[in-house]
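Structures are listed in the sections that come next.
First subunit A sits with subunit B, and in the next complex the same chain sits with subunit C.
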Partner chain A sequence: MSDATLSSPSTTATPRNIPDRLHRRGARALKSWEFLLALVAVAIFVINCFASPYFLDPWNLSDATFNFTELGFIAFPMAMLIIAGEIDLSVASIIAITSTLMGAAAAAGAGVGLLVAIGLGTGLICGAFNALMVTGFGLPSIVVTIGTMSLYRGFSYIILGSNAYTDYPAGLAYFGQGYVFWVFSFELVLFVALAIAFAILLHATRFGRAVYAIGNNPVGARFSGIRTGRIKAILFLLTGLLSGVAAICLTSRLGSTRPSIAFGWELQVVTMTVLGGVSILGGSGSILGVVLAALVIGLVTFGFGLLNVPGIVMSIFIGLLLIGVIALPRLYARLKPRVAARRG
Partner chain B sequence: MTALPPATSLSHAETDAANAPPVLALDGIGKSFPGVRALDGVALELYPGEVTALVGENGAGKSTIVKILTGIYQPDGGTIRLDGQEVRFPSAADAARAGVTAIHQETVLFDELTVAENIFLGHAPRGPLGLIDWRKMRQEAGAILTRIGASLDPGAKLSDLGIASKHLVAIARALSIDARVVIMDEPTAALSHKEIHELYALVDRLKAEGKAILFISHKFDEIFRIADRWTVFRDGRHVGSGRMRDVTEAQLVQMMVGRAVDQIFPERTPAPGPRVMQVEGLSHPTEFDDVTFDLHEGEILGFYGLVGAGRSELMQCLFGISRPSAGACRIGEVDLAARGAAGAIGQAIGQGIVYVPEDRGKQGAIKGLPIFQNVTLPSLGRTSRSGFLRLAEEFALARTYCERLDLRAASLDQDIANLSGGNQQKVVIAKWLATKPRVIILDEPTKGIDIGSKAAVHAFMAELAAEGLAVIMVSSEIPEIMGMSDRAIVMREGRIAARLDRAEMSPEVLVRAAAGIAADAKAAPLATEEPA
Partner chain C sequence: MNITRKTFLRGLTTATLAAGLMMTTSAMAQAKEMRIAVVVKALGIGFFDAVDKGAEKAASELGDVKIIYTGPTNTTAEGQIQVINSLIAQHVDAIAISANDQDALVPVLKKAMKRGITVISFDSGVAKAGREMQLDDSSTPLIGKTLIKMAADNMPDGGEVAVLSASATATNQNAWIDAMKIAMKADYPKIKLVSVVYGDDLSDKSYRQAQGLIKKYPDLKTIIAPSTVAISAASQAVEDAKMTGKINVTGLGLPSQMAAHVKTGASKSFALWNPIDLGYAATMVAYNLAAKKAKAAPGAKIGMGKMGDTTLNKDNVGVMGKPFVFDASNVDKYAKMF
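Moving on to the complex of A and B:
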């Protein structure tokens, strides 16, 4: 332990003080994506208030939340998956196969408990298959899940054809139609609970830190001792499981299952995630952003519904909103130096 | 050791009366990168119908001069003359137009295209409408392939060919532009014995066609086999040039390494402690074979060798990135070679072996994450409670090690991507020291970082060894190996070629062992194995 021979000025000089943070967290939050989204949400809320007298009714607002709750369940694990640099496009098809199997079981006389178990189990199995293909065989997740997107829904079509399951036990209705307290539906309460749970998982645990590390540099994460395959596999399992949860709620809410159930939802989930500020290239994003994006989409859908705007116009609006919200900050960043140059 | 030949400056070249004037003549070429002077007024002349061997250590400036000649880099100063006319190559296309072409160590080819398409990519013969004249392209490709003696089908897809055939395609591509100057950058590195001889025949044919050839190689036997002239670079400077028949191997080696060690290394009094790690007969299916060595507390063990000698692969295997095919790696009572593939790296970290990789940007720094998160990534077990992060403890841990390494950063919350290379390296080293390792493996720890950071890393390595840490340092820089290591192992083609004590190390011995040159009796390789 003899440092006596050392004469290096760089290591014996008084250490420099490096501050933990340069800016206060509050100052940074004001510039954040989430702040911008919150402003958009408030603006849409205010516009809605003026646009329709029925908007501010608590029950109407409560109904509006069904526009995003089920999508939101899947958007949380999807956000983590995209942050880790992967994606799952089979989520809507997982809903289809899950709901179909639940319907078949209900037709065979299964009770509510068994139906829920089938719903969660099917979601997990579908997620596990995606995980195996991506992390086990090293295939790109976008290709694998485009494949399983057709595969899972294909099973639904084989089982159901042009028929539908409509006989569900009365007890199942609670998940999609029940209220926990006053106007607060079971789905809304579950949405809030899941938002909190996923926010903690992503932002406050070692697991979440590993997700960010993998998304920013998968090789570097592996070279730091992170078991990247295992973490990605867990994320695919979570996405499958939450797709199962969404399937249970959606089936309960609709009271029927057709093979086309939740058709196109995978893109709506990805839209919600990206609108929430999750980088499609991986590495950054937050659960708060996804929650705010869910609120924005829900408010827009509800407002347009009150005004009797056709659905196609709404999808155009959501598309423009997505492009606008993503393009504006980049345009601003590009224009800022020019503006500053002109002024200076 | 015989005396050096007179270090002929290039202006003396005309003493050879039979000589045609040089096709290409470089003079006073300089090139600087931030913190590094890669080339400092070098000269180089290439003659028609002759092969000039460019010799130098790693980092001597050989690759830089190739990039300048092919228009990829612009020199800061100096002149390039083609047939006596001063020229500039602002882009790769300009260099190609002037007839300068290069065959690189790893040529960029396109697996999904045909042989003919690869040869003519970017300058395909065109028909009247500006469309590619496929028939003509195939014919010309066939003609070039015949000229270089390659029996390849121009219509074959590249992905169906072996490495040697791909190499021929690369050569054909280089010749498709009617080159007058052909640069070959370690062309035999990936070739088998038979293919190498075919390449020699090809070089002879190109000479007969009057091309001027610049041949870069570490292998002395092949330099003496095919070169007519030599030029030696050292540390970005021109050391000498001349004819092969006037020079010996020993003289070339001496010119390559004969520098005054101008870097200052920390003074150390090494006091090796007990053994921490024992590697026995460790082998890999392709990269290295039968590697045996011991590592002791408080020592710095240097690994020298040419690029591709298997050093990094060996270190990554010790760290658990790849699996050995045979052998053992014991640390304490644990044999890390016997571990399963899953979680092997975690186990190595758990046993106190950590690895600071050579490829800092890809394997070391996690760009996009702030400094403190980079530092604590492998130590999260200590800074978290049952899986939950504790930011205050993370900042404290990161601060301890970053300040110890004299990191220059605005804040610990800053993205590591915004730091200079040297400071990124400090963060990566801090990351591993924070795990409190017993063995730290540093792979080219000062590659591409500025002199100041270099000195800091060296001083810190000495400090770590003094504290009892076992340090393995992989380096391709002879001064660094000689200045820092207590013992050195030289690897060549995946095997240990020499083991040297500090007293036995000399630039000549290191270079000879690494290049596989038959050594004189004094520095017999494999002569100095210490008892296990």
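Moving on to the complex of A and C:
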């Protein structure tokens, strides 16, 4: 496929053993990874069914989806950003500043429509600032977004201090607490819609091909006529926008805003992305993987929660999963030639 | 809409269960056990582990109660929401929570109450809409009374006392000192308050202020420090000035910080809320409300087992009792906890 054409110069003789090439060697390896992840999800689902009598209840499962939907919104554009070789660590802080500005507007009497507009707008502006710093001034995204991580949340602390905004109009509650039909919450439906939209954007458009190309070889991509700067800027804008969406939903779900809102979420989003098989070095990954990772994380946290397992055990489990994700392809790469040699 | 359907389903389950009860008695024991979840700010905090001990004590006294001690890894509202969602899913009978955020937890706790779960908060409260009642550790008048009583117990002939507080603008401390003055006037006429100084909750400043008090008032018998920083700084100052035995330091302190000063004799006794009692009382209250033995309403009296009753004020806030006094006989035990 076009994967192969992109990396064709290096497939015959590989001087350096860069693990993400494994995925690109064929769609087979990539597919099998997602297959493995799906198996893990099914296994956890089945184990949960036996472990707790409360697990297999549509309302309980519906409640459980809130554990990953908001994180998932951000994980989609984050996956594309990481595939393109960049990262945004300011997403949780974008939620904080967005929620704070929404709270301030609500306190001044803004209606639901205006609050949503402010939420999306603030997310976009924060994303635009990140884009400007990274693509405009050519600064490394990890440094820029560590900076804006403190900057955006800092604004929240300046505005709110130890206070909280709690007066939101009743209509706002729909986004984080409402249901489209039966047990399907607004957030879950939005999650599915966004997953489909991002899957199309990444896997079925020229834009998506360009994202992979930039991640694999930024210089080569530029020389092939791809406007790398513009595409990266769009990805930062998308990440900001979706952080704004997450902020609207989270604010609606909590019904209040404190500057510590969504604290530490940036790493949870990156965890979800990497667990989904997106190479942290860029160049490979899929939206389906991220969706499956979201499901795995959601099922693990909810299943452990039902058994009242302390949160630290969940963290350890997710950590082990993550290390497994990164280590498995490398182990496989090392073992495969040996096994082949033994057989030969 | 969806909630009514949920209630309907629950009603159906209850009906099925009731039908089952008529046939089997073993199911009755299953249904009778009450599960009370104690949700704390974060796991791994000594204070809350002690709360859990108290809750277990209450559970073994009640017999048919199972305690689920849980909480998030970090002190975040989002983490507590996740925990509460899984508790709602398990259909626990009651939730007693010490909240990380008094507002953000309201929607999820409202949902818990809608699904028939008794919700109370203790220690760090939840806004009124998100709980049936809040159990405070203590109240301002009780803290004031305890402070002056601890001083008076070690100076039967009366004499001079001084207060070393946090900052001049600290709302809590000022209220406690005022309550103490009222109790002093009423019950301890022989005690004279000579000075109130402020160490701003800084160890070195509190230490210097205590030194100043020791030099300025040669007949000083007691330093009352209603702040955990000030009380250990004052104890240190008394020890360093070789005034141990002549000047007693008392106030509000942490057993882990004060155990050494109790051993040297600089402090004969000090007070703070006892987390074991708090866990015990919160569990008893949750049990009584969930078992419909009491109803949370302004003016209502709710039993706390051996701790007596608590009366709710107009905001449905009850008080557990007076602060717990630590001295040489028990400080080591509690020093290991918090």
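Throughout what follows, the second predicted complex is superposed on the first by the 302 of 344 C-alpha atoms of A that agree within 3 Å, B and C clash if a C-alpha of one lies under 4 Å from a C-alpha of the other, contacts with A are read in each partner's own complex, and residues count from 1 in each chain.
Everything that follows uses one rule, which is that contacts are C-beta pairs under 8 Å (C-beta built on N, C-alpha and C of every residue); 3 or more make two chains touch, one makes a residue touch a chain.
A quick note: this is a predicted structure, and the numbers were derived from the prediction, not measured.
In the superposed pair of complexes, A:Asn217 makes contact with subunit B only, with no contact to subunit C. When the two complexes are overlaid on their common chain A, residue A:Ser284 makes contact with subunit B while staying clear of subunit C.
Applying the stated contact rule after C-alpha superposition, one finds that A:Thr205 touches subunit B and leaves subunit C untouched.
In the superposition on chain A, A:Gly255 contacts subunit C only, with no contact to subunit B. When both complexes are overlaid on chain A, the residue A:Ala64 reaches subunit C alone and has no touch with subunit B.
By the touch criterion stated above, A:Tyr179 is placed in contact with subunit C alone, subunit B being left untouched. Once both structures are placed on chain A, no subunit A residue is touched by subunit B and, in the other complex, by subunit C. The part of subunit A that touches subunit B in the complex is made up of residues 1-3, 5-8, 10-11, 13, 15-22, 204-209, 212-213, 215-217, 219-227, 229-230, 283-284. Here subunit B touches subunit A in the complex through residues 266-269, 271, 319, 321, 342-343, 345-346, 348-349, 355, 357, 362-369, 372-373, 377-378, 380-381, 384, 387-389, 395, 399, 402-414, 431, 455-456, 459-460, 462-463, 466-468, going by the rule given at the top.
In the complex of the two chains, the subunit A residues touching subunit C come out as 52, 54-55, 57, 59-60, 63-64, 66-67, 164, 166, 173, 176-177, 179, 182-183, 250, 253-256, 258, 260-264, 301-302, 305-306, 308, 310-312, 314-315.
Of all residues in subunit C, those touching subunit A in their complex are 1-2, 6, 9, 43-44, 68, 70-74, 76-79, 81-83, 85-86, 88-91, 101-104, 106-107, 127.
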